[in-house]
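Chain naming follows the written order as A, B, C and D, and within any one chain the residues start at number 1.
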Amino acid sequence: MFFASDNWAGAHPRIAERLSASAGGFSRAYGDGDLDRKVYERFGEIFEREVAVFFVATGTAANSLALAAYGKPGGISFGHREAHIIEDECGAPEFLSAGSRLCPVDGPLGRMDIRNLERAVGRFASENVHGGRPTAISMTQSTEVGTVYGLDDISAISAIARRHGVPLHMDGARFANALVSLDVSPAEMTWKRGVDIVSFGGTKNGCWCAEAIVMFDLDRAKEMHFLRKRSAQLFSKARFISAQFDAYFDGGLWLETARHANAMASRLAGVLDGSKVARLAWRPEANEVFAIIDRAAAARALEAGAAFYDWNVLAALAGQVGEGETLYRFVTSFATTTDEIGRLGDLLGR
Amino acid sequence: MFFASDNWAGAHPRIAERLSASAGGFSRAYGDGDLDRKVYERFGEIFEREVAVFFVATGTAANSLALAAYGKPGGISFGHREAHIIEDECGAPEFLSAGSRLCPVDGPLGRMDIRNLERAVGRFASENVHGGRPTAISMTQSTEVGTVYGLDDISAISAIARRHGVPLHMDGARFANALVSLDVSPAEMTWKRGVDIVSFGGTKNGCWCAEAIVMFDLDRAKEMHFLRKRSAQLFSKARFISAQFDAYFDGGLWLETARHANAMASRLAGVLDGSKVARLAWRPEANEVFAIIDRAAAARALEAGAAFYDWNVLAALAGQVGEGETLYRFVTSFATTTDEIGRLGDLLGR
Amino acid sequence: MFFASDNWAGAHPRIAERLSASAGGFSRAYGDGDLDRKVYERFGEIFEREVAVFFVATGTAANSLALAAYGKPGGISFGHREAHIIEDECGAPEFLSAGSRLCPVDGPLGRMDIRNLERAVGRFASENVHGGRPTAISMTQSTEVGTVYGLDDISAISAIARRHGVPLHMDGARFANALVSLDVSPAEMTWKRGVDIVSFGGTKNGCWCAEAIVMFDLDRAKEMHFLRKRSAQLFSKARFISAQFDAYFDGGLWLETARHANAMASRLAGVLDGSKVARLAWRPEANEVFAIIDRAAAARALEAGAAFYDWNVLAALAGQVGEGETLYRFVTSFATTTDEIGRLGDLLGR
Amino acid sequence: MFFASDNWAGAHPRIAERLSASAGGFSRAYGDGDLDRKVYERFGEIFEREVAVFFVATGTAANSLALAAYGKPGGISFGHREAHIIEDECGAPEFLSAGSRLCPVDGPLGRMDIRNLERAVGRFASENVHGGRPTAISMTQSTEVGTVYGLDDISAISAIARRHGVPLHMDGARFANALVSLDVSPAEMTWKRGVDIVSFGGTKNGCWCAEAIVMFDLDRAKEMHFLRKRSAQLFSKARFISAQFDAYFDGGLWLETARHANAMASRLAGVLDGSKVARLAWRPEANEVFAIIDRAAAARALEAGAAFYDWNVLAALAGQVGEGETLYRFVTSFATTTDEIGRLGDLLGR
C-alpha cells in the first residue's frame, strides 16, 4: 500500500534488464557514445523534429538548468504558486541560474490562471531596472496536484510568453502521465503549442534515474553544455542513462507505464470516493489522487502499513476541510497493483 | 584496446546484478530507505568510525560540494596545478561554492610539493581582506598522473592544513586504486592522517554511477543536506546508488577491481617499456600509465583501434619529449584484460 | 515642486561643507583612518552600545549584505510584499547572498501582519530540505508607504524571529524619519526591541551617499569584512563617507532634517486633503504622502512642473480608487519648502 | 611623507568645490539627471566616439562588472599574475560574474608576456567543456608595478583577443597616469588599439569616489544596467559622481593631476637612486616607485613618520634583494609635494 510518491517505486523490469545488458563493453564517456547518440535520435523521433538532449541527475537539475539557459541578471521566472521549482527545490533554480527570482502565480487546481499570469508578467514587462524583467514562464505538466493543462491552456500560456518575449518551459517530471491523459503526441503537447524547453522526466515513471532537458532551440542549446558541466551534472558513464531511456521508449513502454499509473489513480479515486470516511478533493487527471479523509481513519490506515502523505490545504479548499479531517495525497506508479488499492480500500472501509 | 579512461568501461557484473535485484519493491525516497541506511553504516565500518555519507551524481559534484562545505567569502582552496578541480571541472567548484577561488600549487608527478604548498597557503594566511583567505587544501589520491601520496605525504599536508586552520579534502575519484597501492586501510589513508572530507568515487572502479561525499565532521555535515539539495544533487531513488555501493563493498569487490586495474597498469607499463617506440614517463603507482611514444607508431595503434589520449607535456618533462614524440596516457580498469594489453603491445612492436 | 523622491535632493549644506573641509591631508584608506574610527565610535554612542559599522555604496547593498550575513543554502528571508528588497532591488539580495530566496508577507499599509508572518515563517520552520529554511526576517522602518512600525510591532516581530531562531533585519533607508516619528532613541527602536542588524541610511535624509550596515553581533561582524569586499563595496577613500556621517550626526542634524521632512509631509497631507480633486489614501507617519487624485488634475500639475509618481494600487485600496482617479506618491525631504507645497496646492486647487 | 598609496590623499580642491556647488537643487535620480547626461557626453568627447558610461562605487566593481559583461558559464579571464583582479579583489570578479575563473599570466615588470598570453589563452581555445573557455583578457594600465604598456603592446594583446574571439578589458584604475606617460589620446590608448571595455578610475587621481565602466559596444551595454543594479552598484544621487567627473575633466584637470603625480614619482626615483641605502628596482613609468632599501634605514624612515609599504618580491627580482634589504613601494598623487619628497630623501640620507 505504497502511495507516498511515485519515486518510492524502483525500476521497471525491462529497464533494469536493459541496464544489465549494457554493462559490458567500452564506450566513449560524457554522453558521446554510440548508445547515447542513438537515444538522442530517438528523442528526435518522439518529438518529430531535431532536438538537443541533455541528461542530468535530477528533475530539480533539469528545471534549474532549463531556467538558467534563458536567465539574465534581474530575471524573473513565473510559475504556479505550488510548482515544484517554487516549493520543493530548496532554491536550486535561483542558485544554479545565478540569482534569478521566481514569482508565484495563483490559479485553481495547480494550473496558473491566465489573467493572473498576464498580470504578473506584465507588471515587470517594462524592463525597469529596479523591478527586474521577465525571463521565463514555467508550467508543470501534469501539475503538482494531479491535474493536466489542456492543449488550449498551453496555447494561451505560450501566447503570453510570446507577447512578452520569454520562453515557455514545461516541467515534465510527470510528462508521460499528462501525455496519455490528453492522448496527444509529445509534439502536440510541446513545441506545436509553443513550448521551448522541457524537463523530460523518466524517473517517476519507471526508470532508476533518467532525467533529460529537451531543447527545441538548437542554437541556444550550445551553451547548455557548459551550464550542465559547471553545475556538476555531466555524467561520465552517460550510457547508464541512455540504456534506461532506450528501454523506456522501446515498444512504447513509457506510455504503457504511464497509462497503468493513471488507471490505478482512477481506480483509487473510485475506491476513496466510495468510502464513508473519505471524499475526493477533485477528480484526478493523471497519477495523483487528493482526498479529504477523516483523520482518525487515515491514521489507522497509516498504522496498518499504508504510506501516503497529508498535504497543505490549498487556498481553494479553505472551508471545505472539516474539523477532524485532513487533505491527503496518494500517488500511483507503474508498480501500483489493484491488490494494493483493494487493501487500502478495505482499511478505509468501503 | 580501450585505454582512454576508466570511465569508458561499463559496470562490473556483480554491481549490475545487484542493481537489477533491487529494482522491485518500494522504498522511502531521497536516501532515507532501508538499503540506504545499511550502506551508510557500511561506510562507517569501512572507515572505522561514524561518518556522514552523501551520494551525488558526479565526482565534480563531490569535489565542489566538499569545498563548498568549508567555503567562506573570499575563500581560496589550494590544489595541485593539474588537479581535476582546477583543470577539468569547468568552474564548478567555484560556482557551487559561490565564488571561492582555486590556487594552483606546483610539485613533481602530480603531488603538491610541501614547501610550495606552505608558501602558497602562508601567503594568504593573514586574513587580509583584499587577498582573500585560505579555506581548504585539496589533494588527489591517486593523483591525476597515476602516482600516489604516501602516508607521510598526507601527514605533512594535513599538518599544513592544521597550522592554517583549514580542512584537508581528498579527491578520491580513484580512492580504491590508491588504497590498494599503499596497502593500507581507508582509515589510515584518511582521518588517521588528518583528512577531513573525502570525495569517494566508485564510478571509475566498476560502478555505473556511485559517488559519495564522506565527512568525518558530523556537525558540519548537517549543512551538507542543504548544500546538496540546492545544487540539485539529491537523488530521489537513491537506492540505485546504494545498491551499487552495497555490491561494491560486498566481499571486498572494490579492492579486487582496484587491484586488477593496478595490476593491469603494471603489466601495461612493462609492455610499453619493452617497446622500441615507447618509454615510460614515470613508474605507475595506480591505474594510469604515461608513456612517451613515437608519434607515428602511436598513430598507427590508434588507427588500428586502440583508444588512448595524448597528454599535455608537464613542465617537469620539458626537454625529455623528443621531436616526433608525444606523451600519452593509458588508463586501466576492472574491465581491462591481459589480452587487450597484449594486442596493444603487438601493435606498438615489442 | 519636487516630490518624486527624497533622492532627488542633493546634499545638506552642512554635509557638503564638511566634505569639502575633509578634502585635504592624507589618511589611511579602506575605512581605517582617524575620522573613520571617530565615526564608528559615534555610531556606538548613538546606539548606546558597541556596534560594528560597515559603509557601503547603496541601500540595496546594505540590505543585500545584511541578509547575506545570515544567509545559508536553502535560506529564505521574509519581508513585506512591497518591501524594497522584494520590489526594487533587481534580485541583488538573492544574488549577493548566493541564492537565498525572498518570501513576501502581506499586511495592511506596508506593515507585515503578525499572523501572516508567523504562518509564513512557520511553514518552513521544520528545516525540510526541499522547502528550504528561514534565515531572516526583514522589516522596513519607515515602510515603503510612509507608515511606521510602533515599538510593540517591532517586539512582536522580533518575538517571531527569536522563536524561529532567525535574526531581525531593519531596512532603515528612512531610519531617521521613523525615529523622529516615534520620538524614541535608536537603541529603543532597534536592539532593545530585538533588531539584530540595521541598514542605516543617510542618503535620503541629506547626505550624498552615506549608507552603513550596523551590526549588534560583533562576532558575526567579522565575516562582513569579507562579504563587503567580495561584493566590491569597500570604498578606498572611506573618509568621504565618514565626513558625511560626521556632519550628519553633529548637533543632531540628522534628526533635524528628518523632522523637517516629516513636518513637510504632514503639511502636504493637509493641503492635499483640503483639495477638491484629491484625498489622502492614508495618514502619513513619516515623509511620504499617498493620495488618490483626479487624474486630469494630476496631469495638469505634472505638466506645470510638479514631479511625483503614480503608484501601483495596493490590494488594500482596491475598490477605493474611482474611475478617473489614480494613486500618487509624494516624498518630502530636508530640502522641501513650504513654498513648494503651497505652489503644488495652488496647482491642484484648494 | 605619505607614499603608502594614492588613495591616502583626499580630493582635489577643484573637485571638492564642484561637489559643494552641486549640492543644492533637485535632480532626477539613478544617473538620469541633467548633469549626469552632460558628463556621459563629455566621456564621449574624450574618447572621440559614443560610449556607454556606468558609474560604480569602486575599481573592484568596475573590473568585476566589466568581466561579468562578457562572462559565460565555464568562462576564464586572463590577466597578469600580479593584476589587481587576481591579487587584491577578494574574489569579487569571480563572484560578481557568477563563477568565472581568473588565469594568471606571467611577464616581466607587470606586463603580460605576449607568448605566455597566447599560450595561456590557446590552451582553452578549443571550447572543451571540461577545461572551460576563454571569455576575456584583462590588462592593467598603468600596471601594478608602475610600468606602462606601449601602444604596440596593446595592439599585440588585442590581436590575441581578436584571434580567440574574446574582448580586451583595460583596468584603468590609473588610466590618466598611463595616458600622460605615453602622451597619447584616450582613443589611441583604447579602442583604436582594440580595447573593448575600460575601468576608468578617477579616485586615485584626485576624486573622492569616481569610477566608471566605459563600454564601446553600445549593444552589449544594455545588459550592464541590470548587471550593475543587481550588484547593488547603482547610486541614487548619481550626480555626486557626475559633479566630480565634471570638475575632473574641466580644463584638463585630470591630465594635470596625473602629470604632477608622475613627475613626483620621477623626482622621488631620482632621490632614492641617489641615496646610499636605496636603489631603484626599475624605472617608474607612471606614479609608483619601487626601490630596494636597506631594511634598517627604511625602518627609521617609517618610524619618523614616512608611510610606504614593503612589497612581495617578484619572481623577476629573486636574487637581487640582498640580506638586510627589502623591496618597497612608493606611490605619488596629485597631493604629493616636492617638500615631502625632500624630507624623505633627508631621512634616507642622500
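By definition in this document, a residue touches a chain if its C-beta (ideal position, glycine included) is under 8 Å from a C-beta of that chain, and two chains touch if they have at least 3 such contacts.
Given the structure is predicted, the values throughout are model-derived calculations rather than measurements.
The fewest steps needed to get from chain A to chain C, moving only between touching chains, is 1. Of all chains, the one whose Cα centroid sits at the greatest distance from that of chain C is B.
Chain B and chain D have CA centres that are 41 Å apart.
With centres taken as mean Cα positions, chain D sits 34 Å from chain C. Averaging C-alpha coordinates per chain places the centre of chain B 51 Å away from that of chain C.
For chain B, the set of residues that touch two or more other chains comprises 30, 73-74, 89-91, 95, 98-99, 129-130, 132, 226, 229-230, 234. Within the complex, the chain C residues that touch chain D are 2, 4-5, 7-13, 15-17, 19-20, 22-30, 56-61, 64, 89-92, 95-96, 203-204, 208-209, 226, 229-237, 239-240, 307, 335. Within the complex formed with chain B, the residues of chain C that make contact are 30, 72-74, 98-99, 129-130, 132-133, 223, 225-227, 229-230, 234.
Chain contact summary for the complex, chain A toward chain C: residues 73-76, 87-91, 94-95, 98-102, 123, 129-132, 312.
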